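Got a structure for you, questions after.
Chain lettering (A, B, C and D) follows the sequence in which the chains are written, and residue indices restart at 1 in each chain.
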Amino acid sequence: MQKGTQKSVNKLGTRDEALFHIHDSSTLMFGGFGGIGNPPTLIEAILEKGIKDLTLIGNDAAFPDIGIGRIVSRGLATKLIASHIGSNPVAGQLMTDGKLEVEFSPQGTLAERIRAGGVGLKGILVDVGLGSMVEEGKQKVMVDGKTCLLETPLRAEVSIVYAKKADTFGNLVYDTSARNTSPLVAMAGDYTIAEVEEIVPAGELDPECVVTPGIFVDLIIQSKGVNWTWAWE
Amino acid sequence: MQKGTQKSVNKLGTRDEALFHIHDSSTLMFGGFGGIGNPPTLIEAILEKGIKDLTLIGNDAAFPDIGIGRIVSRGLATKLIASHIGSNPVAGQLMTDGKLEVEFSPQGTLAERIRAGGVGLKGILVDVGLGSMVEEGKQKVMVDGKTCLLETPLRAEVSIVYAKKADTFGNLVYDTSARNTSPLVAMAGDYTIAEVEEIVPAGELDPECVVTPGIFVDLIIQSKGVNWTWAWE
Amino acid sequence: MGVDLRNRMARRAAKEIEPGMIVNLGIGIPSLVSNHIPADMQVMFQAENGVLGMGESPEEGEENPMLCNAAGFPVSIVPGASYFDSATAFGIIRSGNLDITILGGLEVSEQGDLANWIVPGKRVPGIGGAMELAQKAKKVIVLMSHVNKHGEPKIVPECHLPLTAKACVDIIITDRAVIEVTEEGLLLKEVMAPYTADDVMKNTDVPLQLSEQVTTLS
Amino acid sequence: MGVDLRNRMARRAAKEIEPGMIVNLGIGIPSLVSNHIPADMQVMFQAENGVLGMGESPEEGEENPMLCNAAGFPVSIVPGASYFDSATAFGIIRSGNLDITILGGLEVSEQGDLANWIVPGKRVPGIGGAMELAQKAKKVIVLMSHVNKHGEPKIVPECHLPLTAKACVDIIITDRAVIEVTEEGLLLKEVMAPYTADDVMKNTDVPLQLSEQVTTLS
C-alpha cells in the first residue's frame, strides 16, 4: 500500500480515533434490533468517556443493561428516534419524567427513513399509520387520489454498527439476524464506524456476499465482544 | 415434501407454465442492464409465442438483437418505461415513428421507483432532475423548504429475472454485475419468474448470501443460456 | 392467564396456518403458535429484524445470540431460510407478501379496528412493527384475553385506545371464543369450554352474530 | 477526433484523480481515463449497474460476459470490490459518495450547466445515470470536443439543449483547453498545443478569465 492511500483505502483504526468523532450533543445512529447488533465496544467507549446530551436514532432502546440501552438508561441521551422502547423501562421512566424526548416511527417506516437518508432520497410516501397517532404533524400528499404520509429521511453525524467481518476497505458482512438495521444505518452516517469481530485483507471477502460496500464505512475498529448478559440467558 | 405444499414451497416449473402468465397487453418488468441479466430463455419463449402489445418496464432497451431488445425491435411492445434506449436504434426509430411510447426516468430514480413498488412504498421524493425535462408533469412537494419531485412506484403483472442459482424455495443469487436491477425487479412483480443457470435443493444456498429472498419468487425455470452474441464480441 | 389457556389459544390459532404459508408471529401468546404446527408441515416463519425461515428454539447451550426472532429470543433456521436487513423485512410485509400475522391485542372494535401499541400514560409504548403487520398482512389474527384485568370486555363498539390500524382484524381468538370479523359484523364461531355462547355474549360489548353451528372447543 | 487527441484528454483528466478516490467514468472518451492512472495507484472505480472496484479489461477469451461496466464492456475486479444492485449503486451516487465523475458533454454553460443526454428529434435519447452523476458527484469533469461538427463552440452562455443538471460542472477538458468553472466565471487554465489561448477564446462563446499562468500541454 503506497503513501497517501493509507487513509482512504485502509480504514483500520482505534477506539480513540472512533471517540474523536463522537461528542456531547452529537447525533448518533446505531445499528441493532433489541440489543442484537448494537456495537458493544463502541458503546463501552462512549460510557467511559461520559459523552452526553446525545440524540440517538435507531430501532429501539434495547434493555437497561444491554447494548444502546446502557447509554439511554444512564441518561446520556436527550432525544431518541425509535420504533419502540418497550423493553427498556428506564427509557420509559425518563420519557415520563420529561428527561428524554422520544419520537416514534412505525418500525418499517423508520427503516425506510434511515435508508432514504443513506441513499439520498428526500422523502418517502407511505400509507402505514394513516388514521393513527402516527399521522399527527405530518405532511399529507395525494398520490393517484389516495392520501399518503410524507416521511422524512434520517441521517446522523456518526453511525455505529457491529459486523462479523470487515476487510480493510470497509466491506462488511454481518452475523445472521444481527444484520437487521445495520446495513441501513451504515449508509446514513456522515461518518460511519464499524466495530467488527474479524478484520481481513481486502480481497478476502467474496464480493458477491458483501452486504455493506466499503464506500459507506469510514473507520473500522476491532470488537472486544459482547460484555452484557442477554435477557434470555 | 407433503401433499399441498408442492405449489408454494417447491417453485420449480416449466417454460410453458411461465408463458401461461404472460399475455398480449401484459405489463412485463425485466431485470438487466444493457442486456446483461435479461433472461434469454424467457425472452425466446415470448418471441416464439408471439406475445404482443406489451408494456415493458426495465433499465433500457438493450441492443436490437440482444436480450429484451429482441422483443422491442420486433415491435412487440407498445410502451417502454426505461432510463435510456440509446443502444437500440430500432427502439429509437419505433419511438420516432409513433409506434413505441417511451417514458424516461433517470436511472437511479427508475431503480428506486421499482424498489418502491416492490416494498410497498407509495412514492419517493427526489431532487434529481429538477430544472430538467424530467420534472414535466410531475407533482412537486416541498420538504423542509426545498422543492422535490414526487416519483411514483412501479409494479408489473409479471416480472422476469435471470439468476445464477436458485433453491427450490426461490432464493436467488446472481452472477457479478448481472445482479444490477434484478433484485429490485424480482420484488415488484405480482408474479415473478426467475430463469436460472442452476437449481439446488432448499438449504444449499448460504442464507447469508441470498440476494433475493424466495418469498418474492413465484416460479423458477431452468435457463438454456444466452443465445445471442454480445456487442463487444 | 395460565399456561394451559394460553396454549389452547395458540393451538387454535395454529389451525389457521396452511402448508407453504408465510407467517409472522407477534410477541407473547402468538409466539407459542409455532409449537402447535405439525412437525412435517412446511411453514416459513418471518421476523421483522430480517429472517425468513425460522425453526424451533435451539437446545440450551446451542444458541447463537445473534440469531434471534423479533422479540430477541434465540431461534434456528430451516432449509430455504435467508437473512436480510430490516428494510427488506418490512418490504415483505408492506407489499402484502405475508399470508398471516398473529398479534396480541388490547382492544378490537366491531369493524375490526385494532389497538395494541399504547395505553397513554400507563404503559411504555412501542409501535414496533405492529402497524405494518396489522395493516398489510393478508390475514390478521388477534390473540387476547376476552376481558381486561378489571373484567371489562376488550371487544368494543369503538376502540378507546389509540389505533394500531383500522379495519384490519380478520379473526379474534380469546380464552373464551373464536370470533370472525365479517362485513355484517362479528360472528361467533366457537366457544372455549367451560364458557357458553351466552357467557361470551355477556362479556362482549358488541352484538355477536351466531354461526350456524357454534362449536365448543375443549 | 483522433485516438491521440482522445488519449491526451483522458490523460489530462486522469491527473485529477488522487489515490483512494471513488470514481465513475462515463462512456466514450471518459472510459479511456482508467488507462492513464498509474498502475500502483489505488482508485476504486464504480459503475451504475452495481460494481465498486473495477479493474482493467480482461484478456481476450478471459471475459465473464456477466461482469461488465455500465457501458456493457467486460471488466475485472480489484481486491476490495463488491457487487450490489442498481438501487445501491445510485444510493452511492445520490448520497454524494463519489469523489469524481467524468462525463461526456454536448454543451456546457458559463454557469456550469451541462447538457448531454438528448438532441431533440435527432439522437435517440438516453438519460441513463447522467442526471444523478452530474448533480451529485463531488467533482464533475466534462470531456468533450471544444467545438461541434459545424465548428460551433460547445461552451456557451446558456445551454440550448435540454439540461442534464444545472451548475454542476467543475472542470471542462476539451481537445483545446482545460477550463475551470468558478464563481467568477470560466477560467482558462491550460491550452493544448498547437492551440493558443487566443484560439481557445475565439472558439468559446463565453468570455474566459485567464489563469495567472496558462500552461501549454503538449
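One rule holds in what follows: a contact is a pair of C-beta atoms (placed from the backbone, for glycine too) under 8 Å apart; a residue touches a chain by one contact, two chains touch by 3 or more.
If you want to know which protein each chain is, UniProt gives these names: A, B = 6-acetamido-3-oxohexanoate:acetyl-CoA CoA transferase alpha subunit; C, D = 6-acetamido-3-oxohexanoate:acetyl-CoA CoA transferase beta subunit.
Keep in mind the model is a prediction, meaning the values are calculated, not measured.
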{"item": "Least hop count linking chain A to chain D through chains in contact", "value": "1"}
{"item": "More contacts between chains, A-C or B-C", "value": "A-C"}
{"item": "Far-end chain from chain A, centres as C-alpha averages", "value": "D"}
{"item": "Centroid spacing, where centroids are CA-atom means, of chain B and chain C in whole angstrom", "value": "35"}
{"item": "Inter-centroid spacing, chain B versus chain A (mean Cα positions, whole Å)", "value": "32"}
{"item": "Chain B and chain D, separation of their C-alpha mean positions in angstrom", "value": "29"}
{"item": "Junction residues of chain D - those touching two or more other chains", "value": "77, 83-84, 87, 90-91, 93-94, 136"}
{"item": "Shared interface positions of chain A, touching two or more other chains", "value": "112, 119, 121, 126-127, 174, 176, 207-208"}
{"item": "Complete list of chain pairs which touch one another", "value": "A-B, A-C, A-D, B-C, B-D"}
{"item": "Complex contact set, residues of chain B against chain D", "value": "33-37, 59-60, 83-89, 91-92, 95, 104-109, 111-112, 114-115, 126-129, 131-134, 174-184, 211, 226, 230-232"}
{"item": "Of all residues in chain A, those that touch chain D in their complex", "value": "1-2, 4-5, 7-9, 118-121, 167-169, 171, 187, 201-203, 205, 207-208, 210, 213-216"}
{"item": "Residue ranges of chain B in contact with chain A within the complex", "value": "112, 116, 119, 121-127, 139, 141, 143-144, 146, 148, 150, 152, 173-174, 176, 206-209"}
{"item": "Of all residues in chain D, those that touch chain A in their complex", "value": "18-22, 40-42, 44, 46, 52-53, 77-84, 87-88, 90-97, 136"}
{"item": "Of chain D, residues touching chain B in the complex", "value": "47-51, 63-74, 77, 83-87, 89-91, 93-94, 118, 123-132, 135-136, 162-166"}
